[in-house]
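Each of the next two complexes has subunit A plus one other chain: subunit B in the first, subunit C in the second.
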Partner chain A sequence: MNLRTTLALLLLTFSCQLFAVTNEFEFGNRVNEQRYLSYISKIRCLVCQNESLGSSRSDLAIDLRNEIYRLMAQGQSNEQIDDFLVSRYGDFILYQPPVKSSTLMLWFGPFVLLFVLLTLLLFRIKKMKNQPTTLSASEQQQARELLNPKEDQHD
Partner chain B sequence: MNRFLPLVILLVLALFLGLGLRKDPSIVPSPLINQPAPSFELPELRDVNKTVTKETSLGTPYLLNVWATWCANCRVEHPVLMQIANDGRIPIVGLNYKDDRPAALQWLTDYGDPYRDIAYDESGRVSIDFGVYGAPETFLIDSEGNVRHKVIGPISVELWQETLLPMLAEL
Partner chain C sequence: MSAELGQFAVILALVLALVQATLPLIGTFNGNTRFMRVAHSTAWGQFIFLSLAIACLAHAMLSNDFSVRYVANTSSIALPEIYKITAIWGGHEGALLLWTFIFSIWCVAVSTFSKSIPLDMTARVLAVMGMVAVGFLLFMLLTSSPFERLAIVPADGNDLNPLLQDPGMIIHPPMLYVGYSGFSVAFAFAIAALLSGRFDAAWARWSRPWTTVAWIFLTLGISLGSWWAYHELGWGGWWFWDPVENASFMPWLAGTALIHSLAVAEKRGSFKSWTILLAISAFSLSLLGTFLVRSGVLTSVHAFANDPARGLFILVFLSLFIGGSLALFAWRAPGINRGSHFELASKETALLLNNLFLAALTAIVLFGTLAPLIYDALNLGKISVGFPWFNLMFVFITPLMFVLMGLGPLIQWKKQTGAELFSRVKWLALGSILLAVACATPLFTPAWSWLTGLGTGLVAWITSTSIKALIEHTSKRKTLGFWQDFSGRSRSFYGMLVAHLGMAMLILGVTYVSIYDMEKDVSIRPGETYSLNDYSFRFDDIRELTGPNYTSYMAEFELYKNNKLIGNLSPEKRVYNIQTMPMTEASVNTGLMRDVYVSLGEPLGDGAWAVRLYYKPMVRWIWLGSIFMALGGLLSVTDRRYRQKARHTSTSNEAVISQAS
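Let's look at the complex of A and B:
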């Protein structure tokens, strides 16, 4: 297979995948295709949870895509459609959960942890810097003993 | 203290991961709990001339059971539903989800019919309002029409006796 054929096949393969979703509906003035495609990629398919609503082939995903298309055609905003989905299926259906008391840990926990660890690290560095760099007389003595052990200390 | 810090961090992490392991991610909690059940109006499966609405069932608590003939776990659940129906403590209303009417009627003839009413949701639109994402699912709805509990997956005899019956006693 020469390069041109390979390239053509590759392009065909990818174009099919794009069509798989977009040809369900007609896009035009009423519903913007880009908006629709980006929206359904941010919604979780609850049947196959690791797939977005946009990429899932489950029956429920098809029904929900229909519903989302219908709501967009009615002129509803993304936030209104979020509310529609969340009031029925819960926050889990959104890949990006809303900021509220039960999700505070999720949103800010990592930053809090980072702050705590950075503070600890800074303290430690400061402590190391404050340590005297010269040895006291007794420490010098101790170091000498360690480096040059006397014969009589050994058996 | 500093020596044990990594150990403490590890233990906390292990605790959270352990808790995570015990959760079943396929069970998504319903936001409808303690909320009014959605209104609906659907044809009755067995009697085309009748309609089933939310108002049909107001006044007594009931189970709203989402089922379909294409759903294997509904077959598993069916004998338990028959048992609950025969027990007579709570009526069961069916929500037949995206099914084929003749097949659904045949199912009832073959395996028995535990339902007081059956709403026929051919398009699945009403089921979306209930946040249904699979079958079977069962809602416990009180006499004022509020959702009190949701069971995702088949009701087992144990679940009926240990969870639903005590909840029913409190309604």
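Let's look at the complex of A and C:
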């Protein structure tokens, strides 16, 4: 092995880009394996720039993967593991922010926004419908359409 | 010498931009046509000087002039020449130069292909674009010049970030910038309309092809980025809702809304003020994307603190531009007429709803991207808002939009009776629902999955309604014959259908790869075989390679499906000499229905290697869908109505496309 490469590999054990020793786990069945893989993809590697525990190669990620595997083997639920991780590292570690009072805006804001926009839009169209169509501009438009009935049928 | 020349060229371009931003506008106030015509010359002048500046930077790169700080930071002697060219936009300063250069191409294109537009309108549009150019060039000269010299010249450069040494990165940023800066044309037309107070349908018709061309490039640029991430980052992901990705996705969402509302503004004269607002938003989000990605603010708030001058400039520039445009809008919008009347059940409403959904999605992406910063600033705690949140929002909101997408082409303008529409689509709806239910049950798929059902049902719905729209269209135009119809005014209609089908393909790919992909981490020795799904991977051999600026291990795998050899895979693990950054070069066996993907880790001792195996069903459909969307855009923009007008003058929109691409 090329000395330079060896050195580079040795020096960079802490890097996020490097494959460190993979965690080879035995899962009794496919469901457990899926659960584990999906869980670690939703946890943030804290020493990387926006990488999940699943894709990170850092030492911290390996330790945490070992820990998560161990907790799952003990029969802990995802929520219990969440609690454990949050108590150690804070909410920042969860890619899916927990639902609590401070994150209500985050979780329900978008739906409230969509609902408000929809209501406003429907009211506006209703209002427009009730307006008499005597506006000269729209009359002009309509007249133009009557003159060119073939135009604008599609698209 | 070339660096000083480049710097000088940028200064001259700034002077010309200042002239372009002021004189033509003054001309429109006092009716001085000579002043207005100046815009054409300044546009060309900027293009020439910025080409010179790019050439100077390219020269510095290719001649390894490490006395230029930017070259020393992003290049090295051993870097292959193609990546020396790529290094021009491999860092913040150079990317900014590329942006202004591409922007100057858009200015020249507007100046060349707008001969059929009244002079005062062209003058206003180019003046607004001149203002944008002033902002960018000032930012570059004051805070981020790529031509700065170093007092002590290093013997070798720092090398280009290995992540960017990839074919995908050669064209991804330029494509994205063509898209970003292209929305400036729609923005400039909108501001010009606000300034002049003229909001006729002609305005929408003028800005429509420009917007579509910009959108085509942005679509391709984003999907190239996704493809790059997929094969370069080595974990098989194609979208992670990373702030950098979101920054390009927001202008795309707003731009997609803009394309649809411009259709209504042109055809029906409605939604004008909304369209103007969307044009302002699409470009504002492009600005936000360009600035914030490169300055690093989105990934870390501390990026501002690292370089306060940059941060301050960005804040002032953005607030002047966005604030100024919105103020102008608030002042002028009440003067815009409402347009023609339509019923609640009509194509207008369908398109308004499309706009509403796209606008809401844009707001959601913006909110999700900035939420960690907002929470941090308000002392509400440090949170991460990652892909589970975005996925959930999109899974809840987009299906409604996609149902509408199927209906849209079938609804009539102005008034549509519900019963008539229902009778046309009831069988298609029933069929899609039945398929959705069937796919959700373990009848056809390995396990219960309502998401598979939802995705498949939507794909069936969009596809079948598009075919229905096509049949209705051709039966109405039987007498014409397909080719005559296609080369006439219906081409944009076909373009729409192709783009919608592209979206359906993308939904299909996203659904299946998200639900049925498989991955496995293994430790494997030469001669051993591992299986994943129906595929077996035989590890043959591993050898050392020396690249131009890296050393690498390349593994040889044989890929078998049901014991039949179907291909060879050769993933690599590279260590770049200068940045000593290990990179995973994944090897992918591609296929229309699945990708099989291997990425190589590091030696585990004893001849064993860490290897990650992936099975990715239908992942190609994501990029195939994007290509179809772009193709749809291309068809729309070559519609006869745009060519027709141009024929009377000198050139056509096709020329714009061929020049821009």
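In the analysis below, the second predicted complex is superposed on the first by the 106 of 155 C-alpha atoms of A that agree within 3 Å, B and C clash if a C-alpha of one lies under 4 Å from a C-alpha of the other, contacts with A are read in each partner's own complex, and residues count from 1 in each chain.
Basically, contacts are C-beta pairs under 8 Å (C-beta built on N, C-alpha and C of every residue); 3 or more make two chains touch, one makes a residue touch a chain.
On a predicted model such as this, the values are computed, not experimentally measured, just so you know.
J.: Figure out whether A:M128 sits in contact with subunit B (first) or subunit C (second), or with both, or with neither.
T.: Once the two structures are laid over each other on A, A:M128 reaches subunit C alone.
J.: Scan A:F92 for contacts with subunit B and subunit C and give back first, second, both or neither.
T.: Once the two structures are laid over each other on A, A:F92 reaches both partners.
J.: Going by the contact rule set out at the top, does A:N29 touch subunit B (first), subunit C (second), both, or neither?
T.: neither
J.: Contacts for A:D59 in the overlay, against subunit B (first) and subunit C (second): which applies, first, second, both or neither?
T.: A:D59 contacts subunit B only, not subunit C.
J.: Who touches more of subunit A, subunit B or subunit C?
T.: Subunit A has more residues touched by C than by the other partner.
J.: So, A:Q49: does it touch subunit B (first), subunit C (second), both, or neither?
T.: both
J.: Could you pull out which residues of subunit A sit against subunit B in one structure and against subunit C in the other?
T.: Residues 49, 90, 92-93, which sit in both footprints.
J.: Can you list the subunit A residues touching subunit C in their complex?
T.: 1-2, 4-5, 8-9, 11-12, 15, 17-24, 37, 42, 44, 49-50, 52, 54-55, 57, 90-97, 102-103, 106, 109-111, 113-114, 117-118, 121-122, 125-126, 128-129, 131, 133, 135, 137-138, 141-142, 145, 152-155
J.: Enumerate the contact residues on subunit C facing subunit A in the complex.
T.: 233, 235, 237, 240, 242-243, 263, 267-269, 299, 337-344, 349, 352-353, 356-357, 359-360, 363-364, 367-368, 371, 375, 380-389, 393, 396-397, 413, 473, 476, 490, 492-493, 496, 519, 521-523, 544, 551, 553, 573, 575, 577, 580-584, 600-604, 610, 612
J.: Inside the complex, what are the residues of subunit B that reach subunit A?
T.: Within the complex, subunit B contacts subunit A at residues 25-26, 28-32, 98, 123-125, 128-131, 133-134.
J.: For the complex, which residues does subunit A have touching subunit B?
T.: Residues in contact with subunit B: 46-47, 49, 59-60, 63-64, 67, 86-90, 92-93.
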